[in-house]
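Scroll down for the structure; my scribbles are underneath it.
Order of writing sets the chain letters: A, B, C, D and E. Residues in each chain are counted from 1.
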Amino acid sequence: MQKITREQLIDQASELLANGTVSTVLGWGAGEFGYDVTPTLFKTAEEMQNGFVFNDFCGANFSKYLVSKTKTLEGKLLVFLKPCDTYSFNQLLTEHRFDREKVYVVGIPCEGMADIAKVKEISGEGISSIASDGDRIVVTTLYADAPVKIDARNVLAERCIHCKSKKHVAYDTLLGEEGDVVASARFDEVTRLESMTPDERFAFWQNELSKCIRCNACRDACPACTCETCVFDNPKSGVENKSPSNSFEEQMFHIIRAFHVAGRCTDCGECARVCPQNIPLHLLNRKFIKDINTFYGEYQAGAEVGSRSPLTDYTTEDLEPSEIFVGRNEHA
Amino acid sequence: MNNMGDTLIPSVGVITDVRIDTPDIKTFRVVTSDGKKAFDHRPGQCAMLSIPGVGEAMFSITSSPTNTEYMEFSIKKCGCVTEWLHQAEVGQQITIRGPYGTPFPVDDVFAGKDLLFIAGGVGLAPLRSVINYCRHYRDRYGNIDIVYGSRSKADLLDYREIIEEWANDAGVKVHLTIDNPQPDWDGHVGFVPSYVKELGFDTDKTAVLCGPPIMIKFTLEALVALGFDKRQVYTTLELRMKCGVGKCGRCNVGAKYVCKDGPVFRCDELEELPSEY
Amino acid sequence: MLKCSLDNVQTLFAEIAKEAKLYLPIDNADGTAVFGEWSRGVAWSNALNTAKSPKDFFFPQTEDLMRFRTEGKKIEVIDVRRESDDFVVFGVRACDVKSFDVLDRVFLSEPCDSFYAEKRAHGIIVSLACTRPAETCFCGIFGIHAAEPAGDVSAWKTEDALYLRANTEKGTALVARLSSVLEECSDDAVNAQKESIAKIMNKLPLKDLSTEAFGGGKTQDLFHSPAWDALSSACLGCGTCTFVCPTCQCYDIKDFNTGNGVIRYRCWDSCMYSEFTKMAHGNNRLTQKERFRQRFMHKLVYYPENNDGLFGCVGCGRCLAKCPISMNIVKVMKQIGGNKGE
Amino acid sequence: MQVTEYKPLIVAFCCNWCSYAGADLAGNNRLAYPADVKIIRVPCSCRVNPTFILRAFQRGADGVIICGCHPGDCHYTSGNYYTRRRMATLFSMLDFLGIERERTRVEWVSAAEGAKFAATMNEFAQKVAALGENKRLEDLRCKK
Amino acid sequence: MQRVGVFVCWCGSNIAGTVDVQAVSEALKNEPGVVFSANYQYMCSQAGQEMIKTAVKEHHLTGIVVCSCSPRMHEATFRKTAVAAGLNPYMVEIANIREQCSWVHKDVTAGTEKAIILGKAAIAKVNLNTPLTPGESPVTKRALVIGGGIAGIQTALDIADAGFPVDVVEKQPTIGGKMAQLDKTFPTLDCAACILTPKMVDVAQNDKIRIFSYSEVTDVRGFVGNFDVTIKKKARFVKEDVCTGCGACVEKCPMKKIPNEFNLGMDNRHAIYIPFAQAVPKVATIDPDACNMLKNGKCGICSKVCAAGAIDYKQKDEIIEETYGAIVVATGFNPISMEKFDEYAYSQSKDVITSLEFERLTNAAGPTAGMLVRPSDGKHPHTLVFVQCVGSRCESCAEKGKEYCSKICCMYTAKHAMLTRDKYPDTEVYVFYVDVRTPGKNFDEFYRRAVEEYGVKYVKGMVGKIVPEGDKLKVQASDLIANKQLHLDADLVVLAAAIEPDHSARPLATMLTASMDTNDFFTEAHPKLRPVESPTAGVFLSGTCQGPKDIPETVSQAGAAASKVIGLLVKDKLTGNPCVAIANELTCNGCSSCERVCPYGAISYLDKEFRMPDRTTKIRRVASVNPAVCQGCGACTVACPSGAMDLNGFMNNQIMAEVDAICK
């Protein structure tokens, strides 16, 4: 489904490696099954030829790696960023989390990434090969006689269904076009929940959050969660805890995590992507984004470097907390 | 449910005495709530002390097993639990469980041998138990040399006991040193490893080392330079521990669990382990 | 061999549930299956594998160990252990059943962990042969046969029937209680299934993964491998692999002050976490590489060294499916074990 | 069996300069409000961290109210403007999770508004009492 | 954990009437850390305080909890008691069991219960208290006044009077500001120059005051007590210390068609000029944009005629760096541009002028030597129309005007109208107004005199349109009282233009990290209680930079600002409030969230090298709070996602401990 090929990316990176612009490339490393790609550092063009892959499963947002990798690597790091990743990139720069000079961004177009779970829902388990063929993903399994052909648009990852922007807001070199912000229905699900009764909403979230195993994948993958020490790991913070002991702890963790990234979250969707329990965590972040947009005017974190998060800003005419529910499309 | 206890469930202990040893080390005397020694132990073993709500931590038992009245713990202030303990007063209850870990081989390997104890700073605490054990059964062992160093005179743990009791025992020699000269000190000045080299011990001794990692590293080198084999040298490790029984995984290094298989290790055994201690 | 028609399986469940709580895989709204309590009307999932392993039945994610009441300088220790009721965990796959062996060797070895032991004593495991292993499955390399699950009772499900075979005293007692819904039958159907599963296992992509390079005594060979750097490079340091793993058993003991007393509880912990080995004055594993290495070295070298060669992995494939960055024990074994080319 | 009247527990965070003084004034004027309201003094309403609010609910509070200077009157010029944004978004999130929105409130009370302070507390306590015990954000471990 | 002493006060029957004080002190005895608990009739009395001191000594207390009246009442008292007993004053916590308990509850059981809980909360907090010591910083005993108008002048004089050196930075070649351009001043009608110029001379002659004219502030660093300021003194190409101000150069300068700013372009000046006769410093300045010598290297006449040899074509901008203890902002105002007000034909007709232009027209030192004539043809105007609120109170026209009231227009328009009628009784004077606002001493009387004695025609209503036609200005207006449209043929129209802060204010505010409102007026530290202080410590506000003001108000605010500055400069050291924010460098991410919400600019960042446990070093950006500037609001503590920012005296763990104790 991707318009850009693995070879184009390797060519681009090889050139920059060869002329000394960058010393290392952060790209996708091939896995066992075609869909299990791992963020990998490549030092040479040869390494890339052997292990680099680019396909419909390259969803991981590399921006967060820059915080740690730029501190330890010699020379510049080439990073491939999809449009949505560039927002995280800018947000991290806004927060001074890494040195821009240490990074060389190659912006790459993205046609939306596939969700392997959705593929498996159609193909079944036991995948023995998986490949893209135009707009289709062709899967062979141990259990089906013939390959299954799946329309890639039907197995898009949640965040790609609701892609908010095809625009690259940060790059040194761009492969393809700069792209535009696109209209998306990403708040529809939030609106649907808002229109439920409080009891329904409570039941919905209790069911979802009770699945949490507190593996911290959402936090550790989140490009906004780059704290040196997370409050939940810091015994001195008073909220430190590592187990979802009960429903309160589950709520506490997810409320505070969402609050801490509110105004900073770019809606990259990593939290929901990595959740091993399939909790729709992005809805919490989107709720904050939607509220901030409604209460204080449209704001997209990471759209530009140096912008001020609405929660560190104010106007004298802001909405009162008592007014936030006025006029909301309420349940009966 | 059978009515057995569980090693994770502690019993209540009472602090019956608090002694200020150095500016940051205090020694606590602990008995059970009915005034008895909480459990028997062997030299080098540890106990888990805790304050509910603050946390639990592993401490080596400083007092000798030959003391049947109570246990003592010399504790340096360096974390939540220790800070809390340093504020505790006599009569304060705590919880205690143990004993944990493998003791020094006092009854086999050490028996009949000349012993060389080398400690730095609070590293004397774990050795005090074995030193006093060996002093108690004086006739079972050969000569005993004790090399002990600290930052300053004030930082020497159990200073009184060392000079008033240990140094006066027959066949026991005490060699004290401090890092920097100070007016009221006429003893040796210098770091432990170099002092050990200076003293130049015979290599027929069995050595026990305890102190900060850097001191252990250099003292071991000094001993090896003197001709000691690593199989002659014992030391104790300190890692983060939670359960004390080799299950929680925290103190796992290689195939060893420091809380269960240690904390006493022979230095050649340590070489087998990955360098993660 | 005993048999129960699939049409009758709900009756079977009802019979089991008469005297013990019954837990079995249930479909979740998000398309995954989880172990849940059966009650009338609850459907048994067809899913191959549950999202979480069944280890929490015996080693729950959070478990109260004791309570304390304090007043002034006084402390009272309150034992909160309660006798467990009998319960049945139904539909445990061969790999997960094997994981209980791994856990038993930790928790039941001296000194025995009474919290675990109590639940283990009261839990009856009804396993289930795995008819459709996924590409991520590699139980075979650890000597586990997907079609020969252990457990107190082994079970096989065919198109039309459920076959049961009691393996232990507890298992025998359970099936005895279910005689009204079970009938004696031959082994033919089960044997046929075993054969067909064996064929599939021979086709699995990871079937040739070699454990040769691993096991006790391999510490010095593997610990210093240069491959750890690259393997751990992308690791986020989250606990996903640990928490979905059926054999990971590291735990933390923590105190919670309720305002009216202190609860001391234990909860799952992960050696992947940066503060796992952090002490007041240092940390013996400072980098993610060291923590990453610890997890795999433990499963592949340290654990077998202490447990007669038994590996600390059962090949269930959960970490392969769930790792946010798709790094996993298979990739580690291939790189570190040098059997990349098979 | 005697039915004891349900008493909600209410935590009120009051800024030192306006609302705490307003509460004092309510006292000076002997304006009664329920003893269920317990005040915690903070320098400014912007000192109130969402974790404090969740903590209160965890520990058994049934309602949490944050009082500060009127917008524009903040002793620190802008603290309460931040409070306003933070609490608006936080309260909206709590509501999103299905937690009763009447359990949380922000009210601006000046040092001169002793009567408003008392009236606010009476009204808030009444509303919270009507909701009954906080069940949705409770931590069972903290129950007596 | 502390050794806590609890002291429960009866306050006579004030507390004891509704709270069982005995029960409270008993109940608190067993709380963690409490080693002593007692109650007494009046804790704040001498005897009560003695009781505390004795208990501290006898029980080796390290923390004190007093259950009594509001901390707003006696916290200071008990802190002093603690100090007298040898404790740190911040080891005291008060449980407010009077105002917030006994006085508002009637039921003894409920009151007692609540008092116990409040006591427990205070104990929980004090157990986590740490001794706090206020930071100290030295004070540089010199003030900087930015702006040399009447506000700056008055402030500078008052500070200098108290004996402190003051520097005045003025961007124009002379001090004096807007007031120097005025003719008469309301409501007394004394001449502006007569009252201003002596003050200007005072400034010039005061040996404590240095004037940096034709200069601007380019950088400000540091904080209260120690601001490091960079001042750029622009080259005027005349040696200031040599020039005698004789004016010979000005007379001979051939470039004489330069619009004269001082007269608002209504006449011309030379390329070398002295703005007005009483300018201070009275030295010439060469306009580099107009001077032929500077532009083309040709001419040099001024240099030749200067007997003192003061001309220096090679003069460069001078950079002055100085340290100040306090900074006063007095950047003043300007009338807004009338360009956008097409309906008033300002750009089309020379005879539509602003009020400030009118001031110059009627000023004896102005372009017409005080003769009121039409700028277009020099003829004497007969019908004059004054239009009020041009660009003021403009709710609907925010894009060209201002929403606020400019405050001074009503009065100066009354003045203009009155003076016109007084001097030229043959004129007809109309004033169109929305409201006439005269809330000042003798202001309304003044306005009434204009109407009643001088026959100024006040019309309530707005002018809709002005169209130049021939030599007349057709004025269309509405009379709201008569409810009819008016059509007037005017000779001269005077627009009371709204005033706005000087454009130099915004960049200055950024340099000072002082906050501004949306109109670019500087914000006060408190609108009522601290009106002459900026929220940024050590920065004070004088005059119209803070909001529209007339002269008397400006002068009084200037004096107030000066007294605040003096109050600061008399101190040798500044003792801070120790309850300030502190950043934990180990957990700080350097993300700048805290900096963004700090109202005082107290947070800065540094790249700090950290030694890692594995002996490598890592450089990280971390926040650092300047305790001399932080006021302790705590906004940063919540903005900080990592919890690295905390607030002394109100630490996260303390507040959570209070919450826990209350909810137990």
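Everything that follows uses one rule, which is that a contact is a pair of C-beta atoms (placed from the backbone, for glycine too) under 8 Å apart; a residue touches a chain by one contact, two chains touch by 3 or more.
Please read all numbers here as calculations on a predicted model, not as lab measurements.
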Shortest chain-hopping distance from chain A out to chain D: 1
Enumerate, in label order, the chains that touch chain C and chain D alike. A, E
Which chain's centre, taken as the mean of its Cα atoms, is farthest from the centre of chain A? B
Measuring between mean CA coordinates, which chain is farthest from chain C? E
Chain A-chain E separation of Cα centroids, rounded to whole Å: 46
For chain C paired with chain E, centre-to-centre distance based on mean C-alpha positions, whole Å: 69
Chain A-chain B separation of Cα centroids, rounded to whole Å: 51
Distance between chain B and chain C based on Cα centroids, please, to the nearest Å. 39
Chain E residues counted as touching two or more neighbouring chains: 597, 639, 652, 656, 660, 663-664
Multi-chain contacts only, two chains or more: what residues does chain A have there? 231, 238, 245-246, 311-313, 316
Among the residues of chain B, which ones contact at least 2 other chains? 80
Chain pairs that touch, all of them, please. A-C, A-D, A-E, B-C, C-D, C-E, D-E
Spell out the residues on chain A that touch chain C in their complex, using ranges where they run on. 31-33, 36-41, 60, 65, 117, 121, 124-128, 141-143, 207, 211, 213-217, 219-221, 233, 241-246, 270, 273-274, 276-278
Which positions of chain D touch chain E when the two form their complex? 9, 11, 16, 20-21, 23-24, 26-28, 30-33, 35, 38-44, 46-52, 55-56, 59-61, 72-79, 82, 86, 118, 142
Please give the residue numbers of chain E that touch chain C in the complex, ascending. 30, 612-614, 660, 663-664
Can you check the complex and tell me which residues of chain C touch chain B? 65-66, 68, 70, 73-77, 79, 81-84, 106-107, 111, 113-115, 118, 216, 219-220, 223, 249-253, 255, 257, 261-262, 264, 266, 269, 271, 276-281, 284-285, 290, 294, 297-298, 301-302, 305-306
Which chain A residues qualify as touching chain E in the complex? 71, 94-97, 226-231, 234, 236-238, 260-261, 264, 308-309, 311-313, 316
